[in-house]
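Should a chain be cited, it is by its letter among A, B, C and D, assigned in written order, with residues numbered from 1 in that chain.
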Amino acid sequence: MSDYIQLVGLSGSLRTGSYNTLLLKAAAQLLPTDVSMEIISIADIPLYNADLDLPAAKQRPEVVEHFRKVLADADGILISSPEYNYSVPGGLKNAIDWASRGEDSPLLRKPIAVIGATTGLWGTTRMQMAFHNVFLFLDMKPVYKPEVLVAQAEKKFDKDGNLTDETTKKLVKQKLEALKQMIHLQSQVGDILDTKVI
Amino acid sequence: MSDYIQLVGLSGSLRTGSYNTLLLKAAAQLLPTDVSMEIISIADIPLYNADLDLPAAKQRPEVVEHFRKVLADADGILISSPEYNYSVPGGLKNAIDWASRGEDSPLLRKPIAVIGATTGLWGTTRMQMAFHNVFLFLDMKPVYKPEVLVAQAEKKFDKDGNLTDETTKKLVKQKLEALKQMIHLQSQVGDILDTKVI
Amino acid sequence: MSDYIQLVGLSGSLRTGSYNTLLLKAAAQLLPTDVSMEIISIADIPLYNADLDLPAAKQRPEVVEHFRKVLADADGILISSPEYNYSVPGGLKNAIDWASRGEDSPLLRKPIAVIGATTGLWGTTRMQMAFHNVFLFLDMKPVYKPEVLVAQAEKKFDKDGNLTDETTKKLVKQKLEALKQMIHLQSQVGDILDTKVI
Amino acid sequence: MSDYIQLVGLSGSLRTGSYNTLLLKAAAQLLPTDVSMEIISIADIPLYNADLDLPAAKQRPEVVEHFRKVLADADGILISSPEYNYSVPGGLKNAIDWASRGEDSPLLRKPIAVIGATTGLWGTTRMQMAFHNVFLFLDMKPVYKPEVLVAQAEKKFDKDGNLTDETTKKLVKQKLEALKQMIHLQSQVGDILDTKVI
């Protein structure tokens, strides 16, 4: 890995004007030096079906292969997601399920951070907690601190969709800095972090 | 509600020959008296997108409306699901997300039971736990006991896909009986269980 | 059971002036008709040790037996607890562990409700979630709605420790009413709710 | 930190002959080179009470101060624990609560690993999951892989309490090796891992 870091940004919401997509775009403006982020959509990923996956199928759906390739090329992942029914949106989890398959999964041991926004009071606490097990299973390297829990999101963006809340901006910057550090750390130690056990 | 009970059965796996679909089919052969179950597929439900949902759209996608109608007409729900990344499969969660929307959600206060099969050792414990929050949010009436955790599933079905393990059969029967009781209970008490608070 | 309902109230905090003890005392002033509540302390319960429990010991410690007796005599339980390390305080969990033992556990299938206060922003969401598994294991009958999550507690009590926040008062009243309903429900149906499976 | 690593071992069970204490003792026989482990008891730690903690009290109880000192002197922590009511034993959580307090908490950013044994089938999966939030809150550095989930423990120890199951032995060794690596990693990077944000 070079010193330059490439992130992938995923929004858990597909709707136009989603606060979480806005939060992701705000994060793209708050990146540390030598870090870039490509935001990609999960809207076209089909429902996971093992019959369409290896080894049952000869190849995965093209959109899935592309998704996995983008993740594989990235040094880390930033997810911004709403909370659906006190948990992770099904569509986002579905994308993760596709990416998680196989020994060549691009998620294995990948640094990752989750942030979330809601118009409610509790800041997506349960959605963020619901990711613990996923990260554990895939031996991902989550950056938990600082937690970015954006409550009452409608008060924190202006009419043009720009993040205006200074506290949130500061926390997002710290989160991205911590993600950068985690990526450098893993890059330096290489095999040490690779426990080769799933 | 009449004395006759109609269940909907959902499999969390879309693949042909899924152990969880087989488990669901086995459950359909183990129903209590005066209970029937319709197994429906979630394979055609699109990814949730609030732009396609009310009130942004004038109507929901037809397949979603049909799914919600079937759930609304049912007295209770039985889910049989694998565990993906120590959690609920995204496709299944996605179907639930669509069904959960609106004050007329067919999931509100609905009796539900979850069972699960895996070729692994731990019996889908984490998948089943991941449903707690979903049920809480929707004020659903989960039937937790007895827990049906089918480990090493490949040993518990014959080559034709029939459930042959007697312990599992017995537990599934007890689970269905408990679900039936919960449905009768809620039917009897009606408004008492309706806390009218979400 | 008579029409009169007796609750036990437990605070998860042992400190003098605890917001959660104050919240519990406020709840005792907001009880529905024909409901009373005895608040008891868990401060003297020793750490759980199976060597001091049946069948290894001939009898449990006296303070434990008294605690179990009070729980057994009650129709339902109200817990008010802080969140320690994003989970249930160890002391409170320890009391529950003692009460949970044996086929004559007073917790089995008992109606229960949890409320919580914190000076932080997120209202004890994680503490309340951490109870799901405990309730599931013991087949308790939790009353989840409405959720009572008291954030920034210092703003919601006056200098004399009285709960002054009207929204919180209303939610506590609704919670107690829902708990009363659950107790009546279970009383009416008796064996129906008793799945006899742990 | 020198190259020599000192671990602290904690058992979540207080009973004589506990499988988890035996598992911890087995781990002490399977340590990597240049690693030692001191097993300490949590049996004498009082229930957490903020009135006995700083700043309300001038000093913490002596047994608590000793416990915190031992943890502070250690490079990492190994917990072996049963599952009580599908969660962490209250006594163990209570010890953690005491150790977690204050900016000088010896748990902050400390490498830690959890293993667990049960006579049941599901290997303490839920207990281990219940630790996620605790570790997140304290920014601890958990070593999740490989998972050591010892089911049907009575078959895996001989009559003298020695761990005889070779698979378990191998997993414990790998876990300890991974913990050692995490400790070295954190030692090398120092401030990089210190996000200074709780």
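In this section, a contact is a pair of C-beta atoms (placed from the backbone, for glycine too) under 8 Å apart; a residue touches a chain by one contact, two chains touch by 3 or more.
Keep in mind the model is a prediction, meaning the values are calculated, not measured.
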Reference subunit B; chain at largest CA-centroid distance: D
Pair exhibiting more inter-chain C-beta contacts, A-B or B-C: A-B
Computed distance of Cα centres, subunit C from subunit A, in Å: 37
Whole-Å gap separating subunit B and subunit C, where each centre is the average of the chain's CA atoms: 30
Junction residues of subunit C, two or more chains touched: 126, 129, 133, 136
Of all residues in subunit C, those that touch subunit A in their complex: 121-123, 125-126, 129, 149, 151
Partner subunit D, residues of subunit A touching it in the complex: 129, 132-133, 136, 139, 144-146, 174, 178, 181, 184-185, 188-189, 192-193, 195, 197-198
Complex interface listing, subunit C residues touching subunit D: 13-16, 18, 42-43, 45, 47-51, 56, 84-97, 100, 126, 130, 133-134, 136-138
